[in-house]
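In this document, chain identifiers A, B and C correspond to the written order of the chains, with residue numbering beginning at 1 in each.
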Amino acid sequence: MADAIRIENLQKRFRLGFIPKTRQILKSITFSVREGETFGYLGPNGAGKTTTIKCLLGLIHPDAGTIEIFGRPHSAPRSRQALGFLPENPYFYDYLTAREFLAFTADLFGLGREVREERIARLLKLVGLERAADLPLRKYSRGMLQRAGLAQALINDPKLVVLDEPLGGMDPLGRKEIRDIIVRFKDEGKTVFFTSHILQDIEMICDRVAIIVGGRIVKEGGLRDLVSEKVLFTEVTVSGLPPETFAGLGESVSSRGDRVLLKVYDEARVDEVVGLIHDRKGRLISLSPRTETLEDIFVDTVTRT
Amino acid sequence: MKPPLFVTRKERPNRTTAKTGSATVLLVLFLLAAGAAVVTLKGVTDRAVRTKLPGASIIYIPSGKFLKFATFGYRSLAADAIYLWAIQYYSTPTIDDRFDHLDHVFAIVNELDPRYQDPYEVGALIAVEGARDVLSSSRGRDRGDYARSLIQAAFTILDRGDANNPDQWVYTFNAGHVALMTLKDFALAEKYFERCMKIPGAPEFVERLRANAIFNKGDLKTSWETWLDIYNRAPDERTRRIASNHLYNVKATTDGTALEGEATKYRERYGRFPADLGTLVRTGFIREVPKDLDGKDYLYDPATGKVKTVISPWRR
Amino acid sequence: MKIGAIAGITFKEAKRDRILYLLFFFAAVGIVASRVLAVLTVGDRIKIIKDVGLASISIFGILMAILIGTGLVYKEIDKKTIYTLLAKPLHRAEFILGKFLGLVLTLFVMTAAMTVIFLAIVYAHTLKVETGLLVAVVYIFLELVLITAVAILFSSFSTPILSSLFALGFTLIGHLSWGLELILKKMQPGTGRSLVRALSMILPDLENFNFKTEVVHGLPIPPGIPLSAFFYGVFYTAFILGLAVLIFRRRDFI
C-alpha cells in the first residue's frame, strides 16, 4: 500500500529577533504514514510538532528534505485536493455562518453545487451543528468552533485527515465523540495523522506513533511494538494486617486505618504475598498489575534525550 | 402579645440617590452656563473688527508653481479654494493693506488653473475698484502711486488671462475698457481693442471703440482712415450711420482746429480775430473755407475765434 | 472559480467595515455641501460644485482603498484564518488575486454610489445629466485600482499602519513625479540626468489618470492619451500584483 505521507530528512531553521538568532527547529525529520492507518505524532512543547504539520501543508517552506503526499510533491496545490486539516485553535471568518463557511470551503475544492449541498447537510448533522448552522461563527463557543472546524476538514471527503491537537480543550464527552469519529475514519479507510498531548487517547486509537524531541524523531513504530505488555509492578491492597508483615517482599505505598497498599515489583513475589495474607488471616481487597503505558515510554524517552 | 403582621420601618431618605440627584442638577446647570458663554463669546468675536483674515498666509507662498506640487493633483480645487478665500478677503474693508499683494494672490489662482475664467475678470475688477477706493479715501500721504500700481495690477492680470486663453476676447476687451475709462490712455486702449477685434467672437463694435481711441489719441489722419474703412465695410444701415457721424466729427475737429489756429495767427498779426472766415482767405491764411461733411458752413464766432458745427455730429 | 470564491468573501468582509460607510458619508456630505460653498463665489458656480465633487470621489476613494486594502491580508495572518485557507488546494497567487478582486468590487460599488450622488447634485444645478464627467470618474477609478494593488502588496508583508504610510507615500509620489520632467529639462546630460530619467520612467505617474481639470472646463483630452493611460494603469497594476504574489509565495506562516 502506498504511503499517505512520506517525509524524509526534513529540516527547518528560523531566524527570530531584531538581531537574527537562528534556531534549528527541525534538525532532521524522517517518517512515513501508511495509507489507511491512524498515526499519532507526539512530543513535548516546542519539539516541532506544529512546525512539521505546517511544512506538510505548505504553510512553511522547508530548508531541506522531501515531503510527499500520496506520492505527489507537497508543493503542488493538487496534493492537498484529498487532504483535510483541522488546526489547533480554529480561527474562521467570524462574520460568516457555519453554512456559508462550509459552502465557501466547498468552492475552494471546486465541488459542484449538488455535492456541496448534500455534504454540508450531512456534515452539519455529523458534528451536531444543525441548529446553529445559520448563526454567525463569532457567536460560537469554543467547542462549537471545534466542531465547525472538523466539518470543514471533511467537506472534500478527504483520504488523509490531518488534525493538530483535536482533543485539546474539550470536555470528556466531547473527547469521546471526537475519538469515535476518528475511529470511524479508520473504518472508512481514511488515513488519520494527528498530534496530541493526551496519551491515553493515542493509546486507544492509534496504530503507529512517532515521538519527536528537540527536532528529531526519537522513536517510531507500531503502538503494540513500542508499548510492551510487560508488568511493571503489581498493586496489592490488604486490610487487617500491619505493614511490617510484608517487609522485604514489597514496598509499602501507604497505610490508612487498617488498609495497606503494597507495590510488588517482583512478579514471583506476588504469589508469596497472597499466601502470606491468607496465612495471617488478612483480607485481600484488590490486586492490579500495572503494565507499561505510553506515558511511561514517553516520559522515559523525553527525559533520556 | 402577637407581633403585628406587617412591620413598617420608618423610611430614611436614601443618601446615595440624593447625592446623585443633586450632582446631576449641578452638571446640567454647568453645561447650560458653559454653552451660553460659548455662544456669547462667538458673537463677540464675530463682531470684532478684523485686520487679518484666516488663511492670509497664502500671501507668503512664493509662487503658484510651488503650489502645483503641493496640491497633489487637486489643482482645480485649490484654485477654487484660494479664489473663494480671495473674494472674502477683498470684501473685508477693515483690512487696510489687503491690496498689497493682489496680483500675487490672483497669479497663484491663475497658475493653478489657467483656464478658470472668472478670477481674471474679477481680479482686475477688484484692482480697479481698489484703486478708486484708495484715491477717494482721505489719507495724509500721496496715494497716487499706490493707485497707479493697482491699475497696473489689473492690466497684469488681464494680460495673463489673454496669454492663457487667447481664444477669449473678454480680457483684451476689459483691458481696453480700463485704459479708456480709468486711465484715459488712448494709445493703450487702441492697442488692446486692436488685439481684441481680431479674436473670433469679439463683438462687432470693438473696432469702433478702437477707431474712437485713435481719435481721442489725437491722430486725426489715422482716425479718418479707420472710420472710412468702417464706413465702407458697414454691414447695415445703422453701422453706416454711426461711421458717418464719426467721420463728420473727425472732419469737423480737423477743420475746426486748423481754422482756429489760423484765426489765432491772424490775431497775432492784426491784433484782433478776423470778422469772418472769408477774411482768412482774402488775407492769404487759408486757400478756401472748408465746409462740413454735409456741405454746410461752419459757425464762426469773431469774438472768441472759435469754430463750431451747425449741428451736433450725433444728431445728424 | 476559486479566485471568485475568495473575492466573494472579501467583498462580504469589506462591506462590513464601518470605515467604508464613514468615508462614504463624508464624501456625500462634501458633494452636497459644495452646492452651499458655491454660493460664495463670484461667477460660475457649477465649477466649484464639479471640482469639489470630483475631488471628494477621488480623495475618499483613495482613503477607502488604502485603509481597507492594507488590512486585508494582514488580518488573515493576524487572525490565523489563513492557516485553514492555505491548507486547501490553492495557489498563493489565487489568494492574492481573490483579495484584490474583492476589494476592487467593493470600491466599484462605492465609487458608483458617490458618482450617482455627484451627478444628481450637478443635475440639480444644470438640469442636465453631464455624462462627460464620467470620463474623469472612470480614470479616478483606475487610479483607485492601482492604489488597491499597492495596498495589498504592502499588506502581504507589513503591518497595517506601515502599509498605509507606504501606500500613501506611493500616492503622493505618484502626483509629484511629473515634476521630474521639469527637472530633466534643466539638467545637463550625464549620469545624473540618466538617473533622473530612469526614475521618471519607473516611478508611478498618477497624473496620467487626472482628467479632472479638462472635464470641468469641457476641454478636449488629447487623443491617444486615454488609451495609453488606460494600458499604463493596467500593466502597472499587473506588475504590482506580480510583486505581491512573488513576496507572498516566499512567506512562512509561523
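We take it that a residue touches a chain if its C-beta (ideal position, glycine included) is under 8 Å from a C-beta of that chain, and two chains touch if they have at least 3 such contacts.
Note that the structure is predicted; figures quoted are calculated from it, not measured.
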item: Shortest contact path, chain A to chain B, counted in steps; value: 2
item: Distance-to-centre winner among chains (Cα means, whole assembly as reference); value: C
item: Distance-maximising chain from chain A - centres being C-alpha averages; value: B
item: B-C against A-C, pair bridged by the larger set of C-beta contacts; value: A-C
item: Whole-Å gap separating chain A and chain B, where each centre is the average of the chain's CA atoms; value: 91
item: Chain B and chain C: spacing of chain centres that average the CA atoms, whole Å; value: 44
item: Chain A-chain C separation of Cα centroids, rounded to whole Å; value: 49
item: Chain C-touching residues of chain A, taken from the complex the two chains share; value: 14, 54, 57-61, 77-81, 83, 85, 87, 89-93, 95-96, 104-105, 107-110, 149, 152, 162
item: Residue numbers on chain B that touch chain C, as the complex places them; value: 69, 72-77, 80, 83-84, 87-88, 113, 115-118, 121-122
item: Contacting residues of chain C [partner chain B, same complex]; value: 37, 40-44, 47-48, 51-52, 55, 58-59, 171-172, 175-176, 179, 206-207, 210, 212-213, 216-217, 219
item: Residues on chain C engaged by chain A in the complex (per definition of touch); value: 2, 4-6, 8-9, 12-13, 16, 79-81, 83-91, 250, 252-254
